[in-house]
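What follows is a group of structures, each given as structure tokens.
Common to both upcoming complexes is chain A, partnered first by chain B, then by chain C.
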Partner chain A sequence: MLGSIYVTVAVAFTLTIGILNFLNFTIPAIFMITGVIAWAVAAHWLPLGVDGGLAWPLAFIIGIVAAVLASLIVERFTFRYLRIRHGDATEHAIPLVSSLGFLIIFENLVLIAFGSEAQAFPEKFKSDFYIGEIIIGLPQLMSLAISLLVVAFLSWILKTTNTGRALRAIAENPDTASLLGVDVRRIVPLVFLFSGLLCGVAGVLFVVNYSDVSPYMGEEVGTKAIAAMVLGGLGSIWGAIAGGLLVGLLEALSIHFFGADTVDVAVWGTLLIVLILKPSGLFGASRIGKGKL
Partner chain B sequence: MMGGYVEGIIAILCINLIFAYGIYLTAASGQLNLGGAGFQAIGAYVAGVCSNYFELPIVFSVLGGILGAGLIGFLISFPVLRTRGVYMVLATFAFALVISGIILNSEFLGGATGMVVPAYAPVEVLIFSTFIIILIVFWLMASRVGLAMRAVHDDDVVSEIMGVNVKGIQVFAFTLGGALAGLSGALYAHHYSFIEAQYFNAVLSIFVLLFVLIGGTQTAWGPLFGASFFTLVPEILRLGDTEWRYVIFGILIVLMMIFRPQGVVTRTFVHRASKIFYRTAER
Partner chain C sequence: MAVPILQINCITKFFGGLKVLEDVSFDLMPGQRFGLIGPNGAGKTTVFNLLSGVYSVDSGSVILANQDITNLPIRKRIGLGLSRSFQNIRLMPHLSVLENVMMGQHCQANRITEMIKPIGWTKNNRWRQRALETIKDAGLEVDLNSTVSELPYGVRKKIEVVRALMSKPSVLMLDEPAAGLNPQETIELAGFLRGISDSNVTLLLVEHDMNFIHAICEKVVVLNFGLKIFEGTPKEVNRNKAVLEAYLGTSAMESSGVT
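Let's look at the complex of A and B:
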């Protein structure tokens, strides 16, 4: 089940949109970078090789670091620059368009470096166990636990720490926050750091579950995560979690009952119906994401 | 008359231009439509069905494509216009994915194997229709309706107060935009003689919106520039280093947003440019 990966990526999306009102389209690419870099490190650059005991964790950590770095680069050239030049950049579609530019850049850089084929991790993480008739993969269960843990940790930071309070102040109103002494320029990169971290974790979970990576692995997961976020309502972390699980469930059910080709219709059709009935998603705060684009 | 390569580029340029004007009409009245591929797919498949099953001549099947996509645009605009901002972008995005999913799953339309449309429209037909559409859009944007669209784009609350029928304008823009996207799809089907659901994907919707936003939504020159730039630059870059062309392309997008965030062609830009021509004419 992809549910837990959708949850993690959807939370990454919802963070940037909830705090900065910025639909960050580079998130699928950052997710993909984690997987591909981790694979490249494990397969080519580690002296111990892929079978060494330390190799896997190290490769994953390097992958996550790469994701965070990529996310910070995006912040530097889309969000920060535009905010400095044009005041409240979030009022325009500009960051959205330049994040699409970055999506194209990242995908094609990876394409140039590693080719377009899916690369398989040589080792499979497989150990299923049964509860009655239901097969539950240990990796799947672990993924769900890990992603929920990361998300819980994040919402704890947002709720209780000083940094979290500053972030929520920016979400409320960036100008007022900066008047009241929040250093917006120092705090904003944190949002990108967190979303890069979440993408990194999601990328690692993907690799553990499917053991292959490709330059296109982000597109499918990324668009589904957007669906999950919108289903739950923009800016709501628990909404993103519920949405992610719901999308995973919808996918599994539609594959089971109608076949693999109907997945898109099921997921996006549900999203369309939910938006028509409740234009701000299931748990969305009504003020987020409605500004003019 | 023309080399095959040049003819191919001109054909895709014409299709992209009409498609971009379809998305431009909604963007010019303040809504971002990220479902362009859905409308284009409807136009292509309606034209294909009209041509293959009812054996209508090309003119009528293209007309069918326009009407079909326009009708869907009209119907979908009511629920979509209830949503705002990012939600609207994603609602239209969802719409396009649902359309391509439905096509993929219907045997009648060929499913995943695609559909062959034997009736062939030569490139001259495409050039002619593009010309007509550009003239129509320029005329429309210069008319009172175009003025109202720009007013809604700049501030919908104030235009409502000033007596503009905001909802009506938005529905009109969605309908006509859908119809134009449908026209581009119908021409695509008849020129390439083969359509498949996988072509009308999310990336296509994203790209056509980029044409419009980078070209600029303030004047009707914007999409003309955006679509031409996006179609021709990858071809020019192809002549050089093939592998890096999309990376360069992405960098260009980021740079353009940094230096010309309102789009490359703005109202003041057009004003200044027209002044230059005016002066030389006087002399």
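Let's look at the complex of A and C:
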């Protein structure tokens, strides 16, 4: 079940959209970078090319660090650059397109470095157990627990700390926030740091569950996570969590009852129906922006 | 003679080719209650925006407690003790009353530990404690967990003043604090502001309500078309010809027989 990964990536999307009103299209690539870097380090100790890879926990940490760095690079050259040049980031389309550019560049850099084929992560994480006739994968269960913990921790930071309050103030109104002395330029990278961290965690969870990495592993997860975020209600963290779990469940059910080919129809069809009936998403607030984050 | 807490020296501001302020100077003494008045478009709010750092001055300087703050960013000025409210209420509509008030402390949290320390962790956290005290002192009786957008205008107005107080200002600038308040609320506000001033906070008010100015201010500066045309006590203002002209127009004064 991919639900936990969708949850984590959907929350990463939600952070930049909820706080900065910026749909960060690079997120699937950042998710992918974690997996690929972790694989490269674990399998070959690349880029150093020393024989024999690094232990998997270290590889995962390096993968997550790479994801955070990539996310900060994106902040520097899409969001911040345009904000400095144009005074504000109200021109949402421009950073959106440049983040799309980063997605393609990151994917192709990985493609050039490691080729387009899927690579198998050296360590296998398989330890299923049974409850009656139902197979429960331990990695899957752990994934769900870890992703919910990380998300809960982040939303706790947003709720209780000075920084979190400043971030929510920026979400409400960046101009007023800076009039109150919030240093918007210094605090915005935090949003990207958090979302990079979430993508990193999601990338690690993906590797643990599927053992395969490829330059394109982020695309399907990324689009499904966007669907999950919109399904749950744009800009709401708990909506993103619910949406992610729902998309995972829809996938599992459609595979079970109608076969693997029907997955995308089921997910996107449900999304469209929900949006027609309730444009703010299933758990979106009735008033736009109310209870954001 | 005492040293002024805030000195405004010959500030000039252009918006494009339009000169909105020209060589405006005045000094605020510690604890003084100062009024800034003038017809619409005279440049009062521009003065506030220049003092608080929203705009930068084209020439002139601003000195706060012997420190030149002319080119400092907004947050540094707040940190040094210059705090303000806004003409159109600028609260975060979906944050709670308490959170809105606590936003006013943001500039006090300079160290990284203060930025990431959870506020709700201990019940008697000093940030929260101070917010609660200030709210209580201001006589703000409202559910602190309600979101601001649900509250009446007068209450929101007061929350803004309380928020501005949270940064422990030495100079508090209030942009039309009495606008939109009913007479009872205005009287309460005047008492509240006098209380603030008694604790040695200097007040600078932009206001249209002359009764309010008379009730509060010890000194008044009048702006018209970006120029300072008068500085004196509120009583003197009423007798000043240039001020009456600016408000009423020359022809109106002639026809009404004022000389």
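Just so we're on the same page, the second predicted complex is superposed on the first by the 273 of 293 C-alpha atoms of A that agree within 3 Å, B and C clash if a C-alpha of one lies under 4 Å from a C-alpha of the other, contacts with A are read in each partner's own complex, and residues count from 1 in each chain.
One rule holds in what follows: a contact is a pair of C-beta atoms (placed from the backbone, for glycine too) under 8 Å apart; a residue touches a chain by one contact, two chains touch by 3 or more.
Note that the structure is predicted; figures quoted are calculated from it, not measured.
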Report clash or fit for the pair chain B and chain C bound to chain A in the combined superposed model.
fit
Considering only the touch criterion stated at the top, classify A:T163 as touching first (chain B), second (chain C), both, or neither.
second
So after the superposition, what angle do chain B and chain C open up at chain A's Cα centre, nearest 10 degrees?
90
In the superposed arrangement, does A:Y216 touch chain B (first), chain C (second), both or neither?
neither
What is the contact status of A:L179 with respect to chain B (first) and chain C (second): first, second, both, or neither?
second
If you count the residues of chain A that each partner touches, which comes out higher, chain B or chain C?
B
On the A-aligned overlay, A:W238 touches which partner chain: chain B = first, chain C = second, or both, or neither?
neither
Least Cα gap, in Å, left between chain B and chain C after the two complexes are fitted on chain A
21
Would you tell me the residues on chain A in contact with chain B in one complex that are also in contact with chain C in the other?
289-292
Would you tell me which residues of chain C are touching chain A in their complex?
52, 54, 73-75, 78-79, 86, 90-95, 99, 102-107, 109, 114-121, 127, 147, 163, 167
Could you list, by residue number, the parts of chain A that touch chain B in their complex?
17, 23, 77-78, 81-82, 85-86, 92-95, 97-98, 100-105, 107-109, 112, 219, 223, 226-227, 230, 234, 261-265, 268-269, 271-272, 275-276, 279-281, 289-293
Seen from chain B, its contact residues with chain A in the complex are 30, 32, 79, 82-91, 93-95, 97-98, 100-102, 104-105, 111-112, 202, 206, 210, 213-214, 243-244, 246-247, 249-254, 257-258, 261
Taking the complex as given, what residues does chain A use to touch chain C?
156-157, 159-163, 165-166, 168-169, 172-173, 176-183, 289-292
